[in-house]
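When the chains are written out, they are named A, B, C, D, E and F in that same order, and each has its own residue count from 1.
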Amino acid sequence: MATVKLIQYADAAPEVQAVFDDIKALRKVKDVNNFWKALANQPKNIQRVWRETKEIMAPRALDAVTKEMIYTAVSIVNNCDYCIHTHTAAAFNKGMSEEQYQELLAVIGLAMQNNGFATGMKVPIDEQFLK
Amino acid sequence: MATVKLIQYADAAPEVQAVFDDIKALRKVKDVNNFWKALANQPKNIQRVWRETKEIMAPRALDAVTKEMIYTAVSIVNNCDYCIHTHTAAAFNKGMSEEQYQELLAVIGLAMQNNGFATGMKVPIDEQFLK
Amino acid sequence: MATVKLIQYADAAPEVQAVFDDIKALRKVKDVNNFWKALANQPKNIQRVWRETKEIMAPRALDAVTKEMIYTAVSIVNNCDYCIHTHTAAAFNKGMSEEQYQELLAVIGLAMQNNGFATGMKVPIDEQFLK
Amino acid sequence: MATVKLIQYADAAPEVQAVFDDIKALRKVKDVNNFWKALANQPKNIQRVWRETKEIMAPRALDAVTKEMIYTAVSIVNNCDYCIHTHTAAAFNKGMSEEQYQELLAVIGLAMQNNGFATGMKVPIDEQFLK
Amino acid sequence: MATVKLIQYADAAPEVQAVFDDIKALRKVKDVNNFWKALANQPKNIQRVWRETKEIMAPRALDAVTKEMIYTAVSIVNNCDYCIHTHTAAAFNKGMSEEQYQELLAVIGLAMQNNGFATGMKVPIDEQFLK
Amino acid sequence: MATVKLIQYADAAPEVQAVFDDIKALRKVKDVNNFWKALANQPKNIQRVWRETKEIMAPRALDAVTKEMIYTAVSIVNNCDYCIHTHTAAAFNKGMSEEQYQELLAVIGLAMQNNGFATGMKVPIDEQFLK
């Protein structure tokens, strides 16, 4: 049903296997998600996307849970089914509580609504934001 | 340039003035933003939206900065100019550091890119998310 | 600032002038909007888009105001500044009341919010809609 | 498959059961849709969303069918599968004719296309909309 | 599961059958896709959409593969499942290579990411684009 | 008006100046666009984004103009004003003809419209795409 083949470990090029190994080690999982098997069709692409993902999602000024919640929020607005499932799960795995998840959803819903109002009425940007 | 009149305090109905007063007191500002002046065309609407905003954005399981960052992320994906300006500023006002802002942007960019990949290749959702 | 030249009547090809004339006659206006001057770079394109617009927006099973409100709703979600301005104005010109406009905005805001909830929680579609 | 449990009536808190009862009475249905069972994880949230939905979707300056059509249009642009199914059905239930539905779709398609043109060519907003 | 009936050839009006025949002849296929069977509920609509599709997607200044790739890119950003499947397949049928497809995805991912950055930071448009 | 400072060459860190130099040399321009000055707030970020952009946008299986047209299409659907201006200009600079641009817009408009129809009617995906 995907538009590309899902590449399994045994069929992957050595440099792709290295990425798979790194993902499995870092995440302590037995197999990588389909997202990575799909990206594996292009060794350069999976290498780049994994390097970025590992670097950007690592906790630094923002902790890991906050980053997963932001990622989930973006995925919900973009309506990316796959990403909603995997990153909501990732947020829970990294420690998001049920209460935090409910508040995440409430903030997203509020922002969606108010985005509609501000865009719909063409509310002019307040002067203090223009200088 | 807005599609509605911006209602100033002096011209507002008493129940709208009460909302303006509440916003100014809570936020310690001299005047409300244009968003509220636009919503003020409909007393019921501004009352409802302010009640929701006050309740949902108050820190509880998620702190105030995290909520503003999530709100900003949604507004960026929805491309709501007005909301991007006001909620990026609100996040800074509530304590977001420059480093956190840079990481917020990086996570949004990564999620946007990966949303494109997962949606474009129609990556099938992994079995563990379907049961 | 546009990415194309805006074609004025005097500079337009005869078949484009014919479209301009038809728009001006039907809408009882002295000049066409910039949208049409931009489309005029491609005679076939402006002819096709005007033919479609005239046919689809004409009142039939849905009246003209309802059609303009739906058009405006789509434009708000797509965040098309130009279209929000012109079609909100068109809805008012064709008879939308201030109260109707406020309700239009409220419905859009509610739908935006609830779209976020349903998409975010991956709410499964009820069985009655699947058969 | 949802990211939350669907709360059934028997397992719901009393204040959630009250919302379920109100929905069932108003809509004359035997059970509420999954959307409400998902929102029921957060009593405050389902109370708020139902209060808003009941108030905003009630016929006033706009009739019930027009409101459902606008809601459906927003849901189509936002690509909310769940909402498209439920609100297209709601529009039909409240009296939308097959002809009106076809015209709704035609207007949405036209607006989508023209949004693309106006945004793509960065058509400058006409002066009459800027003062 | 669709919101409309899918009209089969045998049940279609003569003017719809003529469209089906034209699609089958041009595309050298035994049956038309569900998209056309859904549009067939409205003879005028299917006639108009097919006429547009045939005219716009025909190779002229842009070749057929480039057009299908652009169509696919739009469908990915709009998250139209149906269109992603059919137009990715159409691009392959018309000659898109596996390498080209991988580059198409990479460009879409890059644009998605950079759209997020430019929109999020409200990067001011450079002067040379404003005159 | 941006949410970040625009970093000028003279004020940039050496590793950022190196990126600026590389952009100027490759593009044969005297100064970099505001996009890069905004990204320059985070040396790692501008390094990463420039490395990706240079690699992904370079002609290989797809030529440079086709890549710019796809980038522009994504930016139009995402409504990224900044990106529409810069990448439409880039496409022209790299050789897109006026005729090709008009066809690009026509394909985007058609896809937008048909995305609306397929999503709105929940057209079921044809069997040949599901196996």
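To be clear about the criterion, a contact is a pair of C-beta atoms (placed from the backbone, for glycine too) under 8 Å apart; a residue touches a chain by one contact, two chains touch by 3 or more.
Keep in mind it's a predicted model, so treat the numbers as computed, not measured.
Peer 1: From the options B-D, C-F or C-E, choose the one that repeats interface B-F, i.e. more than half of its residue-numbered contact pairs are shared.
Peer 2: Equivalent contacts to B-F are found in C-F.
Peer 1: Using just the Cα atoms, superpose subunit B onto subunit D and tell me the rotation angle to the nearest 5°.
Peer 2: 180
Peer 1: Have a look at where subunit B meets subunit C and say same if over half of the interface residue numbers show up on both copies, different if under half do.
Peer 2: The interface of subunit B with subunit C is built from mostly unshared positions.
Peer 1: Across the interfaces A-E and A-B, which one involves more C-beta pairs in contact?
Peer 2: Between A-B and A-E, contacts are more numerous in A-B.
Peer 1: Which one of the chains is farthest from subunit C, going by Cα centres?
Peer 2: A
Peer 1: For subunit D and subunit F, what's the span in angstrom between their mean Cα positions?
Peer 2: Measuring from centre to centre gives 34 Å for this pair.
Peer 1: Taking each chain's centre as its mean C-alpha position, how far apart are subunit A and subunit F in Å?
Peer 2: Result: the chain centres lie 21 Å from each other.
Peer 1: With chain centres taken as the means of their Cα atoms, state the distance from subunit D to subunit E in Å.
Peer 2: 27
Peer 1: Provide the list of subunit C residues touching at least two other chains, using ranges where the numbers run on.
Peer 2: Counting only residues that touch two or more other chains, subunit C contributes 1, 3-4, 52, 74, 77-81, 84-85, 102, 105-106, 108-117, 119-122, 129.
Peer 1: Name, in rising order, each residue of subunit B that touches subunit D in their complex.
Peer 2: Residue list for subunit B touching subunit D: 1, 48, 52, 129-131.
Peer 1: Once bound in the complex, which stretches of subunit F touch subunit E?
Peer 2: 1-4, 6, 33-35, 38-39, 49, 52-53, 56-57, 60-62, 66-67, 69-71, 73-75, 77-83, 85-87, 89, 97, 99-100, 102-104, 106-108, 110-115, 117-126, 128-129
Peer 1: Could you list, by residue number, the parts of subunit C that touch subunit A in their complex?
Peer 2: Against subunit A, the touching part of subunit C is residues 72, 76-77, 79, 81, 84-85, 105, 108-117, 119-122.
Peer 1: Over in the complex, which subunit E residues touch subunit A? Could you list them?
Peer 2: By the definition above, subunit E touches subunit A via 79, 84-85, 88, 98, 101-102, 105-106, 109, 116.
Peer 1: Could you please specify the touching residues of subunit B with respect to subunit C in the complex?
Peer 2: So the residues of subunit B in touch with subunit C come to 3-4, 41-42, 45, 49, 74, 78-80.
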